[in-house]
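Both complexes shown next keep chain A, but they swap its partner, so chain B is in the first and chain C is in the second.
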Partner chain A sequence: MKADPKNVLTGAHYLDGNHACAEGAIAAGCKFFAGYPITPSTEIAERVSRRFPLLGGVFIQMEDELASMNAILGAAWGGKKTMSCTSGPGFCLMMENFGLGLMLETPTVLVNVQRGGPSTGLPTLPGQADMMQAKWGSHGDYEVIALAPDSPQESFELTIHAFNLSEKYRMPVLIMTDECVGHMTEKVVIPEADQIDLVERRFTKKKPGEAWPYDPADDGGISPMLPVGEGHRFHITGLTHDHRGYPVINAEAHEQNVRHMIDKVVKNADDIIWLEEKDIDDAEVVLMAYGISSRVMQPAIAKARKEGIKVGQIKMVTVWPFPEKRVRELASKVKSLIMVELNCGQMFLEMDRCAAGKCKTGLVGHFGGTVHKPEDIYKAIKESIK
Partner chain B sequence: MSVQTKQLEERVHPMEKLLRMDRIPHIWCPTCGLGTTITALAAAIDQMKLDYDNIAVVSGIGCTGRVAGYMKVDSFHTTHGRSIPFAVGLSIAKPKTKVIVFSGDGDLISIGGNHFIHTARRNMDITVICVNNFIYAMTGGQVAPTTPLTAKSATSPYGCYEHPFNLPLLAASSGASYVARWTALHIRRLTTALKEAISKKGFSFVEVIAPCSTLYARLNKLGSGLDLMKFYHDNSEIKHGADLKDVDIEFQSKITVGKFVDIEKPTYLECLNANNKRVFGDKYQPYGG
Partner chain C sequence: MATTEIRITGFGGQGVILCGYIIGKGASIFHDQHATLTQSFGPEARGSACSAQVVVSGDRILYPYVTAPHVMLAMSHDGYITHKDSMAKDGIILYEKDLVKLEKLGPKQKAFGVPATRIAEELGRKIVLNIVMLGFFAGATDVMPAESLRKAVESSVPEGTEELNLKAFDRGYEYAVKGSKTKAEAEVA
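And then the complex of A and B:
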């Protein structure tokens, strides 16, 4: 299915990452947005609130982020494509019902424009320190899908991609961007609507009385949803449940329920994971990064390569699920893997785990508040080949 | 098989159409007020001849939170305190669906209190039924923001010393279009109130004072479920339009019941449409779902 031309602001624009993200959501067909103001994400909500009235969408500023997250789930079950945006402190509050979204298998998109933390931290300055929270922030076992744009152009494109993944896998999808990308203004080219592919909501084809909310799909894949108001009169719950959506409180049902949520990400990891690799074939050192850090490392890589150091790079467009398989492969081929990120070592832990001692691993961390100095990254490259 | 058993087996529950009979027996204790409250809601829906397909029930967590799981309509069992914001999203997405939030006092007024006042303020077109048993029952009878002064609970073993909320006053001052209070004894009046609340355009609120003989009555030595019903019978005072400052509930005091607020004012979506029409004129297509 192609995007509706009404929703697509085709043309070349000069936008920051947050505005581009809002345009991506609108192009993807988002028609309900519930949010709460928080720096540095607010421009997303502001742009949506300006654009929605003439596009048939509803923007509502809720009383807090707990409410925002719930409202986008409720509206998603009401048939809309929905989204919210926030930053660290709000992300904490949203974690409660991010878990509900996973448990109810609800398609929706949540954007975290990361700032420095913990607590109020650095409201106006960048960080990438919510990466583990994205994976583990709600209680219980589960898998998530999270994307990290590195530019306003990617903010537009990955927001559409996030909506598509959320529909395909019937789950909330995270966009883990950062203050730099959110507030960086660049050229954003929005294509014609017929160049934008959308995944639409899949509803059951079964008649009322025959369908349950978690019936496996005919092809064994992700179950289609049941529409509200069409006689299915179904029930869903945040409790451990069976395919009928009925609570079943025992270990067997729980294993089945949680396994299903984990499997739909793990078994489709090859489809979900999106990496952009460069100069990997002969690389001795591979730098990994995501979001703003993947751009900040470029001068250091260029300098090292000019000196003849064989440096390759991987930009992680999807940050979760982690590209385990690829890192394991590379670890047995290269001398060193280095993670560049604006935190004290979060995705680094995953990289180091997957490298499993087969190569050296390094972290170019940063406490946040600004981006890395290229020379720190360069030094780490030099260090790694000693 | 005795004749009596056979007769029982052949009998159909009068509310079967609206209940998930495949989930019965339910989890609630004997003498709980939830049975009568659900019966009143089912009767209200039936008497209004509403299309069952256009009703959604949303619950939070707690004893009353389980109601969504037993009502045979589109039904959502959400997280603790969050039934209202979930219902807000659902109601905006499906304006033709009658969205009914059915939850308890701890869920709606303590952990969900902020959502409650803001949704009333917006005059969101939903009905909120709050079953008030004065305690957190599901977790074993702890003190709640509705526990009357001096009443004992599992976490106020020497008596509650916090001032409780006056729920009708809270709802009305937050902006509700309809506010009523009845007890689980007043089945017919409660049914009427629920019919009025569901018909009401905008935020409607019905508080149902309900017995919890397992915890509240036992901890406070108030007797059996029957004794509580007798208490409601002897101590409820019907006072429509009462001054809401006077409807506080004290420990074993008179309970003022009745219809307190019934006004007309534009709903959230009506306000949204009117404002956008004012600004954009004919370019604006009113939002209808």
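And then the complex of A and C:
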């Protein structure tokens, strides 16, 4: 299905990452947004609140982030495409109900414009230190999908992609951007509506009384949802449940429930994972990064390449699920893998785990508050080939 | 391709960020360059010294922040003092004559002043001083054709104020082009 032209601001604009993210959501057909303002994410909510009244969307400023997260889940079950945005402290408050979203298998999109933490930390400055929280912040076992844009243009495009993944896999999808990208203004080209592919929600074709909220799909894929207002009466719960949505409190049901949530990501990892690789074939050193760091490492890589150092790179457009298979392959081919990120070593831990001692691994970390100096990345490349 | 780093500084409320936005828009939407705008946020940016940074380049900008600006637009003395030492050795300072008291420049640095507030007042609205500065910037540098920046002004200011803002832009531009650079240089302390 193509985007509705009414929702698409076709043309070349000069937008910051947050405004571009809002336009991506609107183009994707988002019609409900609930949020609580927090720097550096507020511009997303501001733009949505101004644009929605013209497009028939509903914007609610909630009392806090707990309620915001719940509202976007409720509205998603009400049939809308929904989104919220926040930053570190609000992300903490959303974690419990983010887990509810996973357990209820609810399509929605949550944007974390990362700032320095912990606690209130650095409200106006960038960080990438919520990456493990994105994966493990709610309790229990589950898998997540998270994307990381490196520019306002990608903020627009990846927000649409996040909505598509959330509908395809019927789960909340995270956009883990950062203050630098969120507040950076650049040219954003928004295509014609007929150039934007959207995944629409799948609803059951069964009649009321015959359908359950977690009926397996006919093709064995993700179960279709039940439309509201058409006579379907159903129950959903954060408790372990069966396909009917009713609580079943035993080990067997729990295994089935959790396994299903994990499998839909793990078994579709090849479809979900999106990497942009460059100069890998002859590489002795491969730098991995995501979001703003994948961009800032470019001058360092170019300088090292110019000096004849065989450096390759992987930009992780999706950060979760982690590209385990690819890292394992590379670890047996290259001398060294280096993760560049604005934290003290988070995705590095995943890379190091997957490398499993087959090659050297390194971290170019940063406490946040600004982005890396390209010189520091260059030094790490030089160090890695010693 | 050449990269130009530009810093705009002044008081919060003077239209510093809008100035940066218009330069970035002019370069990337109405000209064929890449342009990345970043800005200072937080309490320091609201009411006291405030700054916006634009990097303009023929290639994609990979490092988004300015390191040693080639051009500074200074609309307040505080802003000028805060940021003057980070300027490139051959940088150009474009300053509001009545608000900034220029200090000693580096041997290769240049400075050109414009009475932007007075020009804005003559036009009837002091608030357009930032647009006078933009016109002056267009005339005094070759970052982009003046017409590109003029189009960016026209498409960025509030509806109904285009005429006033374009007048302000043109006055700033004329001041830069007609005013002899030797004369401007003579004003350098």
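Here, the second predicted complex is superposed on the first by the 386 of 386 C-alpha atoms of A that agree within 3 Å, B and C clash if a C-alpha of one lies under 4 Å from a C-alpha of the other, contacts with A are read in each partner's own complex, and residues count from 1 in each chain.
Going forward, a residue touches a chain if its C-beta (ideal position, glycine included) is under 8 Å from a C-beta of that chain, and two chains touch if they have at least 3 such contacts.
Given the structure is predicted, the values throughout are model-derived calculations rather than measurements.
S.K.: May I ask you to decide whether A:Thr185 touches chain B, chain C, both, or neither, giving the answer as first, second, both or neither?
M.R.: In the superposition, A:Thr185 touches chain C alone.
S.K.: A:Gly140 contacts which: chain B (first), chain C (second), both, neither?
M.R.: neither
S.K.: Applying the document's definition of touch, where does A:Ala12 land relative to chain B and chain C: first, second, both, or neither?
M.R.: In the superposed model, A:Ala12 contacts chain C only, not chain B.
S.K.: Applying the document's definition of touch, where does A:Pro216 land relative to chain B and chain C: first, second, both, or neither?
M.R.: Neither partner.
S.K.: Which partner does A:Pro37 reach: the first (chain B), the second (chain C), both, or neither?
M.R.: So A:Pro37 meets neither chain B nor chain C here.
S.K.: Identify the residues of chain A that lie in both the chain B contact region and the chain C contact region.
M.R.: Touching chain B in the first complex and chain C in the second, no residue of chain A appears in both lists.
S.K.: Flag every residue of chain A that touches chain C in the complex, lowest number first.
M.R.: 12-14, 16, 39-40, 123-124, 180, 183-187, 292, 295-296, 298-299, 370-371, 374
S.K.: What residues on chain B touch chain A, complex-wise?
M.R.: Residues 20, 23, 52-54, 56, 58, 68-69, 72-79, 81-82, 84-94, 96-97, 114-115, 118, 272, 276, 279-280, 283-285, 287 of chain B touch chain A in their complex.
S.K.: Once bound in the complex, which stretches of chain C touch chain A?
M.R.: Within the complex, chain C contacts chain A at residues 21, 24-25, 28-29, 34-39, 41-42, 61-65.
S.K.: How about chain A: which of its residues touch chain B in the complex?
M.R.: Contact set of chain A toward chain B: 32, 34, 53-54, 56, 58, 60, 62-64, 66-80, 82, 96-97, 99-100, 228-239, 246-247.
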